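Heads up, the thing below is written out as C-alpha cells.
As written, the chain order gives the labels A, B, C, D, E and F, with residue 1 at the start of each chain.
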Amino acid sequence: MRPNRLREIWGTGKAAINGWLAIPSGFSAETMAHQGWDSLTVDLQHGVVDYQAAVAMFQAISTTDTVPMARVPWLDPGIMMKVLDAGAYAVICPMVNSAEDAELLVKSTKYPPLGGRSFGPIRGLLYGGADYPEHANDTVVGFAMIETRAGLDNLEDILSVPGLDAVYIGPSDLSLALGCRPTFDDVDPPVAEAIDFILAKAKEHGKIAGIHNGTPEAALRRIEKGFRFVTISSDARLMAAGARTVVGTMRAGTST
Amino acid sequence: MRPNRLREIWGTGKAAINGWLAIPSGFSAETMAHQGWDSLTVDLQHGVVDYQAAVAMFQAISTTDTVPMARVPWLDPGIMMKVLDAGAYAVICPMVNSAEDAELLVKSTKYPPLGGRSFGPIRGLLYGGADYPEHANDTVVGFAMIETRAGLDNLEDILSVPGLDAVYIGPSDLSLALGCRPTFDDVDPPVAEAIDFILAKAKEHGKIAGIHNGTPEAALRRIEKGFRFVTISSDARLMAAGARTVVGTMRAGTST
Amino acid sequence: MRPNRLREIWGTGKAAINGWLAIPSGFSAETMAHQGWDSLTVDLQHGVVDYQAAVAMFQAISTTDTVPMARVPWLDPGIMMKVLDAGAYAVICPMVNSAEDAELLVKSTKYPPLGGRSFGPIRGLLYGGADYPEHANDTVVGFAMIETRAGLDNLEDILSVPGLDAVYIGPSDLSLALGCRPTFDDVDPPVAEAIDFILAKAKEHGKIAGIHNGTPEAALRRIEKGFRFVTISSDARLMAAGARTVVGTMRAGTST
Amino acid sequence: MRPNRLREIWGTGKAAINGWLAIPSGFSAETMAHQGWDSLTVDLQHGVVDYQAAVAMFQAISTTDTVPMARVPWLDPGIMMKVLDAGAYAVICPMVNSAEDAELLVKSTKYPPLGGRSFGPIRGLLYGGADYPEHANDTVVGFAMIETRAGLDNLEDILSVPGLDAVYIGPSDLSLALGCRPTFDDVDPPVAEAIDFILAKAKEHGKIAGIHNGTPEAALRRIEKGFRFVTISSDARLMAAGARTVVGTMRAGTST
Amino acid sequence: MRPNRLREIWGTGKAAINGWLAIPSGFSAETMAHQGWDSLTVDLQHGVVDYQAAVAMFQAISTTDTVPMARVPWLDPGIMMKVLDAGAYAVICPMVNSAEDAELLVKSTKYPPLGGRSFGPIRGLLYGGADYPEHANDTVVGFAMIETRAGLDNLEDILSVPGLDAVYIGPSDLSLALGCRPTFDDVDPPVAEAIDFILAKAKEHGKIAGIHNGTPEAALRRIEKGFRFVTISSDARLMAAGARTVVGTMRAGTST
Amino acid sequence: MRPNRLREIWGTGKAAINGWLAIPSGFSAETMAHQGWDSLTVDLQHGVVDYQAAVAMFQAISTTDTVPMARVPWLDPGIMMKVLDAGAYAVICPMVNSAEDAELLVKSTKYPPLGGRSFGPIRGLLYGGADYPEHANDTVVGFAMIETRAGLDNLEDILSVPGLDAVYIGPSDLSLALGCRPTFDDVDPPVAEAIDFILAKAKEHGKIAGIHNGTPEAALRRIEKGFRFVTISSDARLMAAGARTVVGTMRAGTST
C-alpha cells in the first residue's frame, strides 16, 4: 500500500505542513497541490464543499505526492467512511467531546476487529494499491478535534480510546467555547492555556497534536512547542489576501 | 438598465482595475468579487472554465457591484452571444486579426441594426433590467485582442470598424508572435514597441486600450502611459503565490 | 451585519411571503428571486437539491434582497451548520418532536454560549458582512417543524426551549400523522384543529408561526389567523401548473 | 428505430405542441415532460444550458414519450452532431441566412450520402434502438431558423436545399432584423407580413413551418394559418409568471 | 402506481437479477439499464456517488423498465427519505444491527401509520404516478443489511420488526466481522455458515433474502439455495475487467 | 517537460495501446487509467463529454502515467487549444479533408512560429512542468482524422502539411463515406483498401498512423500491418459487454 507521508514525517520526528481547501474545484486543488504542502485537507465542514466535489479534489491532489485528507462535517459514520473509500488518507472529525465520540470516530475509520468501518474502498484501492485492505488501519489517520469545554473536560478519556491516532485543535471554536472571540493565532490567555493543556496531554498519551493557524509565523511557533501537524490559512484566504493587496496597491497608485 | 461601471469609470477619465478568474467555481468568484475589483473577467479561453461554470460565476459576481465580464475561447458568435445573454457586460475576444474579424466581433455583440446579435438576453434581463434591449448596445463592451502580427498589421482597419469599443493586449501571445518569449510585464523591446504602437493607435481612434499585467507595479506604469483597463494576475496565480510564500516560510523555519 | 428582512417584517407586525425552491438550479433560483418574494427557501428535504446546488442557489438569491433560507433534510447538526455557513439566514428543520430535538436545533444554529454551532461562516461573512460573528445569533432564524403527533404532544416543551425562534407547519405530514390524507390547504378537521392549536401556543410563547400553503388564498386566510410566515406553492409546481394550462388550452383549441 | 412522434403528428396533418426549456436541470425537464407536450426543446442558444446539462435533460425527457429536441447556439457542425448523438430527435439551428447555411445544416444532421454527419450515435442507439443508423436520416428533423433579412431574401434558395425538413421562425429576431421591437405575438405589420411570406413559401416547397409564441392564443391562431409546429412560452417564463401572480395576490391581499 | 417489478418477480417465486452502479454518471447508468437487469442499485455508500448524481442516475434508469434502487451510506432517515422522494423503488440500508435499527429503517421508508416517512415524493409522483401516496408503502422495498456480528446475534429480532421487507448480505463486511478476509464469492467456512443461517432465518420469517456476488456462477448457486435477489459485480468492475482483458491480449500479442 | 510516452513508444518502433473514454466521469476515467493503457482518449465528439468533464478526466488520468488525450468535436481552434491548455498531450481532430484543414489543425495545436496556438497552458504547466512552453511543440501530438472521400482525395496534400504529426482512421465514418455500412473491424473491401492506402501514404511521409478497433484481435492485425497507434473499444462498450454477458449467463441459468 502506498505509505502515508504524514506517518513517514512523524516517524522522523518532524512536523507536517498542511494546506486547507475550501473552494469546491479540482483545478484549484491541483494548483494548491503543486505548491509543496505535505498534505491538503478538503474541508467538508466549513468549506463550500460536498462529497462529489471532494472526490474530484482528491483525484487532483493525487496527481502529486501531497497527502489527500478531509475534514468531515460532523461525527457521522456515513461521510467518514465515504471520504476514506474515496481515497482520503486522513480524516479530521469536528467536536469530539467524549470517549464515546472518539470511539465512534475510531469505529468509523478502522476496519474490524479494531473498528467497524464497512468494506468497499473503491478509490482507496486505486490510490493506495491492491493491498489497501491489509494496511489501511495502520495507514489512515484519524484526528479528533478538541474544541469544546466538554472536549477539554473529557480529554484524558478521549486520548485513552484505543485506535485514536491524533487530536486537532480549532482555535476559533475553542475560543468561542471558552467565552473568547474566535481567532486563529493571537488567542486569549484562557485559550492559550487550553491549547498548551491539550498539547501536553497528547504528548503524554503518545498522540500527534495538530492545530489550525492563520500565519506561518504562528505555525512555526507552535511547531517549536511540539505540534506535529500545522495547517496554515486556506486556498480562499490566500487568494483573497493576494487580491486585496493587488487592489490596494492599485487604488493607492491611482488616487490623486 | 443597470449602467456599466466600466463606462462610468472611463467617462471620468480613469482606468478600471480588472481581476481575472480561471477557477471554475462560483464560490471563488464571489470571494474575488468582494476584494474591490472594478470588474472581473471569467476566462473561458485559457481558464479551466466552460459556459455552465461561467454562468454560476456571473451570478456570484452579481452579488456585488463588480462588473461581470468574459473572455471567450475564440471568435465564435455562439459563445459570444451566450455569455452576453448570461449577463456579461463585456466580452474580450482573442486573436482579432483583421477588419473582418472585428466586424464579426461587433456583429456578435451588438443588436441590429448595428450588429447581428440574436435576441434572447435571458439572464441579461434579470441582471440589467427590463429595458436591457433598448440599452444593451450602448452598455455592453466588446474588446478585440490585438496579439498577432496580422493584428498589428491590420490595426488601423480593425480600429476603424464601427461599433468596436476597445482593444486588449495579451503580452504573452504578442511576444510569441514577435519571436520573443511569452511574459506579461518585462517584455522584450519589440513587444514594448508594439504595445506602445497599439496604445497610440487606439487613442488616435478614440478607443479604450486594455492590457494584461502580472503585477500591480506594471499595471500602474501602463495606466500612466494611457491604458484605461488593466488586468492584474488571476485567482489561481494569487492563490498559488500565497501558498508558495507560506510553504517557503515554513520550510525555511523548520529546516535545521 | 446585513439585517434579516424576515425579522424586519416581523418587527412591523407583518407576515413574510416565502417562495419555495425544489429545482436544483441557480438560474431558476435567480429567476424566482426576481419575482418579489420576501424570502426563498431552498428545500434540501423533499426538493431535488443537495448542498452543492443549494450554495449556487443561495448565491443566485443573493443577487437580490430576497432572504435566502433552507429546509434541511433532517435534524442533523452537520447540514444545519453547512447551510448557515453558506449564507442561509434561516433554517427550517423537519420533524422536531421533543424539547430535546428543539435543543439540538438551537445548538446547531446558534453560536456559544447560546448554542454549539461550530465557527467558520465562510460565505456568511461575504453575504452578511465582517461583523457576522457578533450578530449571527440575533439575525439567523431557526424554525422547528411541528408535524407529528409527538410534536403536538410536546409542543409546550418545544416552545419553551431557549433560543428557538419559530415553528413551521407542514400540513401534509401533520395530516398523515393524524390519520388524514396529505394535503396543503383544505385539511381535514382534526388537522385544522391541530393547526389552530399550534398557532395559539406559538403566540402564547411569543414565537413566530409559519405554514406551507398550496394557494395564495389559503395563505391569506392563514395570515388573517395570525401566521407570520407563509409559503405558497413552489418553483416546480408553478412551472408545471403553467405548462398544464398552456397544453390544456392548446389541446382544447386544436381538437375537432 | 423509435419513430419520431413529430413526423407521426405531421403525417396526420396536425400541428405539434412544443415546450421550451431554458433551465439547465434534468428535474425541471422531467417535470415539464409530464405535462403533455408533444416535444420539448432544450435551448442551448438563449437558454442557460450547455451540452452536459442538455444530455441530462434529454434523459429526463426520455422517461416519457415526449420528443427530445435541441436548439443549438449557432450553425456549428460540432454541436449539432453532439446533440443528435445524445439522442435529440430534432435540431433547430438559428440564423440560417443562405442556401450555403442550409446545406451546412443538412450536412451536419444527415448521414452520408445525403449529408456528412459523423458516425457515433452513442445515446441515439440507446434511445432510438439498434437500427438507428439505418433510419436516422428519415427520423431526425432539422429546422432552419429564418430570422434575418438575408434569410428572407434567400428563402427560396434555402427551401430548395435537398434534405432540409423544416423552417422555424423566431419573431423577436425577425422583428429586430426588420427594424421593429422584439416581441413574440403582437408583431408589427412588416413582421406579420414576413411571417406570412415564410409560411406561404414553406408550404409551396412542402416544408413544415414552425414558430415561437408567447401565449397559447397566438399559437392557436398560427396553427389555423398553417403552422405545424408551435412553441409556447418556456419553463422559466411559466414559473416566473406563476410566481408573479402568487406574489401579486399576496401583496394585494395583505396591503391595507 | 407503477408496480415494483421486484415484487412482481417475487410474486412468481423467481429471483431478481440486480446490477450495481458505482460510477456517478447518468450516461453510464442508462447504458447499464439497457443491458437487461431487473433492477439497478445506485451505491451511495461505497460507490463514488452522492445524492445529486443519484437523481440523474434514477432518471437515466427510468428511461427503461429496470427498477431504480439505492444503497444509502448509513442508517440515516434524511438520505433514505431523499432517495425515495427521488423515485427509488427500493432502499438497501447498511449495517442494521438490532431491532431498533430495523425499526428506524422501516420508520424512514414507510408512511404513517406504519412508519414515519415525511411526505413530499416529488419525483416519486412523476415516476410512480399520482396515486403514489396510497400505494408507496406496499410498493417500495426496504432491505436491511446483515453484515456484522451484532446483526447475526439479533437476527431474529430484526426479522420480527413489522414492515421490514427483506434482508441483504454483504459478504465482504460479514467476512471481516467474522475475522475472515473480505471477499464476495469464495467465502471462508464461518461466513458460508452465517450466510446459510441468515437465509434460513429469512425464509422462516417470510422475508426476501438478497446477496452480493462477484460472478454469475456464484449468483446462480445462491439462487438455487433460495436467494431471491442477487447482485453481480458492478459497472466499474465490469468495465475494468473488460479493459484488463483487452490490454492483456494486446500486451501478449505485441511482446516479442 | 514531462515527456510524452507516445513519442517514447514510437521512438522504439512500437505501437501504443489506446483506450477510449465516452463516460463523463473522473472516477471511470481513473479506473480505466489503472488498467494499463499507454494512453486514454477523452472523446468530446461522440462521447457524452464536454470540456468541463474532460478536465476532470484529464486530472484523473494524470494520477497514473497513462497519457491523457482528447478527440475534439470538430476542427475548431477554440476547443483544440482548450484541451491542450488543460493538459492533453495529444489531440485527435475529426474530418480533416484538405491541406487547409490540416494547416488549421497545426495552427491550433502548435505555438508560433510553427503554428498560432494562443499562450496560456494553465494546467499544461502543472502536468507538464515549468518548461512546458519551450517543449510543447515537440511533445504534443496532433492527429488528423482521414475519414471522408475528400480526405482520401487530398491525402498527399494533408500529409505534406508541415507540423502534422499523425493521422487517425475512423473506420465507421470512412465506411459511410464510401457507401458501406459503418463498422470498426470487419470493414468492406473498399474500406479495407482505403485503410491500406492511408497507412501506406502515412509511412511514405514518415507520419504515424492510428486506427479505431472494436477488438484486440483486429488491433493486433493492424499493428502487424504497421499501425502505431490503436484504440480498442471504449469504457462504455466494455462495461455494456460485461453486463450483457453477466445478464445472459443469469438468464440462461435461471430459465427452466
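Everything that follows uses one rule, which is that contacts are C-beta pairs under 8 Å (C-beta built on N, C-alpha and C of every residue); 3 or more make two chains touch, one makes a residue touch a chain.
Since the structure is predicted, the reported quantities are computational estimates derived from the model, not experimental observations.
In terms of the stated touch criterion, the partners common to chain C and chain E are A, D, listed by label. Between chain C and chain F, the superposing rotation on Cα atoms measures out at 180°, rounded to the nearest 5.
For the pairs D-E and D-F, the count of C-beta pairs in contact is higher at D-F.
Here the spacing of chain B and chain C, counted between their Cα centres, is 41 Å. Centroid to centroid, with C-alpha atoms defining each point, chain A and chain E lie 34 Å apart.
Counting partner chains per residue, chain A has residues 22, 24, 27, 31, 34, 48, 50, 52, 55, 76, 79, 123, 236 touching two or more of them. The touch graph of the protein chains shown belongs to none of the named shapes. Checking each pair of chains for touch leaves A-B, A-C, A-E, A-F, B-C, B-D, B-F, C-D, C-E, D-E, D-F, E-F. On the chain C side of its complex with chain B, the touching residues are 26-27, 30-31, 34, 55-56, 59-60, 62-63, 123, 126-127.
Taken together, the chain D residues at the contact with chain C in this complex read 14-15, 17, 19, 22-25, 27-28, 31-32, 34-37, 48, 216-217, 219-220, 223, 230, 232-233, 235-236, 238-244, 246-251, 253-254.
Contact residues on chain C toward chain E in their complex (touch as defined above): 22, 24, 45-50, 52-53, 72-74, 76, 79, 94-95, 147-148, 170, 172-173, 176-177, 179, 181-182, 236.
Residues of chain D that touch chain F in their complex: 50-52, 55, 76-79, 81-82, 85-86, 111-113, 116, 118-123, 133.
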